[in-house]
Structures are given as C-alpha cells and as structure tokens.
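Here the structure comes first, spelled out in structure tokens, and everything after it is commentary.
Naming follows writing order (A, B and C), and every chain is counted from residue 1.
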Amino acid sequence: MDTVRSTTLSAENLSKSFSGTPLFDGVSFEAGTGLLAVAGPNGSGKTTLLKILAGLLSPTAGRVRVEQDGRALAGSEKRLAIGWAGPDLELYGELTGEENLRFFRKAAGLPAGDDAIRSRLADAGLSEAAAQRRVDAYSTGMRQRLRLAFALLFDPPVLVLDEPYSGLDVSGREVVRRVVTAARNRGAVVLASNDERDFESPDRRIELRGAGGGP
Amino acid sequence: MKALKLFLLPYLAAVVAAAFLWPEPAEGFIGQSSRIVFFHVPCAWTSTLAFLVAAAYSLAYLLRRNPWHDEIACAAVKLGLFFGILTLITGSLFASIMWGTWWNWDPRESSYLLLVFLYAAYLFLRAAIDDPARKARIAAVYALFAAVLMPFLVFVAPRVTASLHPQTVINPQGKILMDTPTRAVFFGALAGFSGLFLWMLSLEARTARLRRLGRRA
Amino acid sequence: MSFAARAWAVCAKDATEELRSRVATLAVLFFAATALALTAYSIGPFGLAEEDRPPLQAALFWIILFFAAATGLPRAFVREEETGTALALRKTLPGSLVLAGKALFNFGLFLAIAAVVVPGFLLLLDWKVTAPAALAAVVLFGGYGLSVVSTFLSALTARAGQRNVLFVLVAFPLVLPLLLTAISGTLAATRGADAWTPLRVLIAYDGAASCAAYLLAEAAWED
C-alpha cells in the first residue's frame, strides 16, 4: 500500500506583466488539501495564473513552491507533481489517445504498460474504442476528456484545472466532478472557471480583477 | 565615465596625430598604407571585445534575470556591429591599395564579414520578439551559443586555407612584428579604442535603461 | 528510464507523426530531388572541365544538402507551436530531453536526404570518390552538427515573428564554418587527400555545439 504523502502548493506574491502592463500582482496562498477556486472576468488572468502554478510560464515576480513531506520539490519532480489541463492544451492529432498518453509516460521515464494507460483513460471516461482513434478525429467533448486524462497521467498530488467542464455533456461533467472530489480529499485542486456553478463548496477562493488588480 | 570622456578626447586626438606623424611606414607595404594598422586592428579588437562583453552579460542575465544586464549585452552587440563594419571598411581600403581589389574573399576578411552577420542576426532576433522578458532570454541564449561556436568562425576558418592577410600581429611565431614607435602607437590606439568602446557602451546602455523606465512610467 | 531512452521516445513520436503525415519528408525529399535534377541537367557529368569538377561538385553537394535540410529541419519546434502541442511537452519534459529527441529525429531526416543526394551525385554527375569511408564520415559528422544547430535554433525562433526568414538569418553565420569545413573534407575524400584535418574540425564543432545546446536547452525552452 502506497504511503500517503502530504503535499502543499504555495504561491508567494505572484505577479505577471506582459509588455509592462501588470495582469495581476500580490497573489499569495497556501493549499494542502481542498479546492481553491479561481474566479474573475474574461481577461483577468485566470489562465495565466494557472499556467504559472503549473510551471508553464514564469512569473514576473514571486514564486511557486511545491513541498512534499516538508521537502521542496524541484525540476522533474516538481513538474510531474502538478497535473494541469487547460483550454489550450493540445495533444498530437496524428496519434491515437492511447499513443499520446503512452508517449508522455515513456518520455517522463515512467512505466507505460497497457494497465497504466487504460486505467487513466477510464478515469477520464474515455472508452477503449475512443482511445484507439486518432485525436484529430475526436469531438470537443472527447478532447476535453483526453485533457483530463493527461492531467491525471502522473498521479499528481496537485491538480490545476482550467475550465475542466467546458464542452462536456452530462456524463462528462460527472466524470470531472468525481475526479475533483477524489483529488481534493487527497491534495490541492486549483480550479478556474467563468461559471460559478463549477465551484462546489470551495475551501478557498481567489478573485482576479484584471489589468493591475490583485486578488 | 565623465572623467573617461574628458580624457579620451585629447588622448585619441594625440593617437591619431601620432599615427600619421611618428612611426615610419613599414617595409613591404605600398606607400603610407601600413598606417591603417593603427585603426583597422583596434576596430577589429574592439569588435571582438564587444562580443565577449555581450556574451558575459548574456550569461549574467540568464543567471540573475536583471534587465540591466540584457541592456548592456544588447548595447555591446550594437557597438560590435558598428566597429565590425569599420573593420571591414578599413580592411577594404587597405586591400584596394595593396592588392587592387576592394574584396577578395580572403579567409580572415570573410570571417569578419560573418561576425558582422552574427551581430546583425542577434539584432534581428531581438526585433522579431515582442515580449521583453522573452526577447532578453532568447537573445542571451543566442549570444552564448554563438560565443561557443565563434572560435570556429574566427580562428579555424582562416587556418583551413591560406590567407593574403598580413601577419604582423597574429602569426605562427607568436610575435608582434613591429618597431618600437609603431608598437607604441599601436598599443596606444588599442587602449584608446577600448576606452572609446567603454564610454559608448555606457551611453548606449544607459539610454536603453531610460527608455525602459520611461515605458513603465 | 535513461536519458537516451527518453530522448528516443521523443524521436520515435516525431517519426510516427511524420510517417503518418509526411509533411516534412515530402518537402525535403522533393527539394533535394529537384535541386539534384537541375544540377545534373545543367552541368551533367561532362559539362565541366575535369580539373574543375571536384571542388564544384563538393560545394554543390553541401549546398543541396543544406538547403534541403533547411526546408525541413526547422519544423522540429515550429510544428509543436503551430499545433499547440508545445504546452504538453513543456509540462512534461525538460528542454534538454526535447532537444535531444528532436535533434535525433532531424539527423534521421538529414540521412534520408543524403540517401537521395549521394547516389544522385554518383549516378547523374559521375562523381568520383577515392575515399568513400572518409566521405561517409564527413557526411555523418557534418550532418550531425547541422542537425544539432538547426534544432537548437529552431527552438529559439519557433515563437518569433517571421520565423522562416529569421531561422535562415540566425543559422547562416553559425552553420557556415561547418559547411566550409564539410566542403573541404568532401573535396579531400573525392581526391583521396588528407580528410582527417577537416574531420577533426567537424568533430570539435559537433562536440562544442552539442555541449552548448545541452547547457542552454532549459533557458531556450522555458517561457
């Protein structure tokens, strides 16, 4: 049985400017378990903030820390400890869903056997038939499910999800709700959305105001 | 810098005067053409120095992410381009006198042309990127990558084939083949051009910083 | 899993994509074949004086290889940015791994080009090669250096404006010493002269470029 590890995601005075105009500044929080809701109007910087948390963008100032059992993670450990999915995440169209996930597992240096891949596809609600199809033939909903599977691929203790319910039917939304509920009990889930209904009893909340406004 | 500026004016004036009045023209050169060594080689040296300064400050930027380091690196490249073009012009003048042609694809000549292309490529790369942080980072990476490959450009290429270029300064014997007055003016010119480069670098970098701070205000 | 195995996974993924779409492969092979045909048609095996042939053939050989490669090699990172898959890669892998995998793929692409151009020169231009082993070594080391530098510069220019023109501008001064040395080595191989000196320079260039690319990969890759 795997030992349960305690992982904390913290942001210290994060700010981001593009060509001199600050999008947000002074964003700080510490999250161990539970749901952190990130809300704000369009263009307020929700996607940018989540990308910074996921390590995809560098902040203009401040830093993001991930600690596991009191030890700060860095490099590949930190990269794989945070699962991320967002609207501009695209996977390889010429490969099938299964091939995509297998590639990323292999390239990350992790076992990429059938079980490892199929269980994650199932968690994201993608059928085996769908997983064998090329991604460029996927519908909007299937792509969204594949994004969720990508976020869960490395069993991350921290999940950062940007508009995870977007484009999903009722069963798809139920899959995301189940994933978020399970993940928030184990570790931190950061969820950004334009729709208040997507936040189910958040434990913390960040409200971005956009163009120079802080939380 | 103010002290340097005030010192440079009379110093360089003295060097230019000495270049034309003091040492005798060297043997083996047509007419007064050997005097070009007091301008051509210092330009070439300054252009190379500029590249080394750019590489050093590019490394500093990648380690510290201080915009000031990026501004110095960019200023150094611009000056490297300027002195590199002067090197090519003075070299062409000499070539037209000595060999009757402005350009003959001599390996050492050609390697300096490529160095000028390298400076220009750095500036094109910066111009093609809008985001200031990304511009600075990518430019710094390019400068450092080019710094590693530059020895192949400047030192190896001229040695793979024979060259017409005089070997007064860089030669297989490792000696500077000049008499005392020529050597004195030559090193004086080297020091003067280096000082000129430092002063111009300071001006260019400070102007860039003022522009950046002005954009933020 | 070792670094090499992970880089191989990146290379295999690029190869799978390429085999299914054939975008880059067709473009580079078509360019190489067209350039070869034009050259063969205009100068042929008898269009030049005997003593002029070796240096011109050596230069043309590398000009065709370089420009064919320039059609396809820069797409290594550009395609990732255009299709939006760069984010997924950036989320999962360090820059050094992505660079190594893509450089490996690009080297494979270069070898595919060479596999067309070398026989083309031998058959259509009556190319006489006295030391085939030396020629093979020059093509391998020259191609490796070209692949590493092209892949690295593609990472730098992938998100810039005017990236096609920009790539050629930034690559030209860095790749020229490699090309000049490769031409010199090819000429030596065709004449049976000393190819070891240019080969040593190529190996040194390849080593320097590989180390620099590896050390700078993270800074080139991050955002």
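Please note the rule applied: a residue touches a chain if its C-beta (ideal position, glycine included) is under 8 Å from a C-beta of that chain, and two chains touch if they have at least 3 such contacts.
What you see is a predicted model; the values in this text were computed from it and never measured.
Student: Work out the mean Cα position per chain and let me know which chain is farthest from chain A.
Tutor: The most distant chain relative to chain A turns out to be B.
Student: Which chain has the mean of its C-alpha atoms lying nearest to the mean of all protein C-alpha atoms shown?
Tutor: The most central chain, going by mean C-alpha position, is C.
Student: Any idea how many Å lie between the Cα centroids of chain A and chain B?
Tutor: 50
Student: Taking each chain's centre as its mean C-alpha position, how far apart are chain B and chain C in Å?
Tutor: Here chain B and chain C have centroids separated by 31 Å.
Student: Just give me the whole-number Å value for how far the CA centre of chain A lies from that of chain C.
Tutor: Each chain's C-alpha centroid was found; their separation is 38 Å.
Student: Counting only residues that touch at least two other chains, what does the list for chain C look like?
Tutor: Within chain C, the residues that touch at least two other chains are 222-223.
Student: Two or more other chains touching the same residue: where does that happen in chain A?
Tutor: 58
Student: Any chance you could list the residues of chain B touching two or more other chains?
Tutor: 130
Student: Please give the residue numbers of chain A that touch chain C in the complex, ascending.
Tutor: 54-58, 75-76, 79-80, 84, 86, 88-95, 99, 103-104, 106-110, 150
Student: Which residues, counting only chain B, touch chain A once they are in their complex?
Tutor: Contact set of chain B toward chain A: 130-133, 215-216.
Student: With touch defined as at the start, can you tell me which chain C residues reach chain B in the complex?
Tutor: It is residues 149, 152-153, 156-157, 159-163, 166, 169-170, 172-174, 176-178, 180-181, 184, 197-198, 201, 204-205, 208-209, 211-213, 216, 219-220, 222-223 of chain C that touch chain B.
Student: Within their complex, state which residues of chain B touch chain C.
Tutor: 62, 114-115, 117-118, 120-122, 124-125, 128-130, 134, 137-138, 140-142, 144-146, 148-149, 152-153, 156-157, 160-161
Student: Sort out for me which residues of chain A touch chain B in the complex.
Tutor: Spelled out, the residues of chain A in touch with chain B are 18-20, 58, 60.
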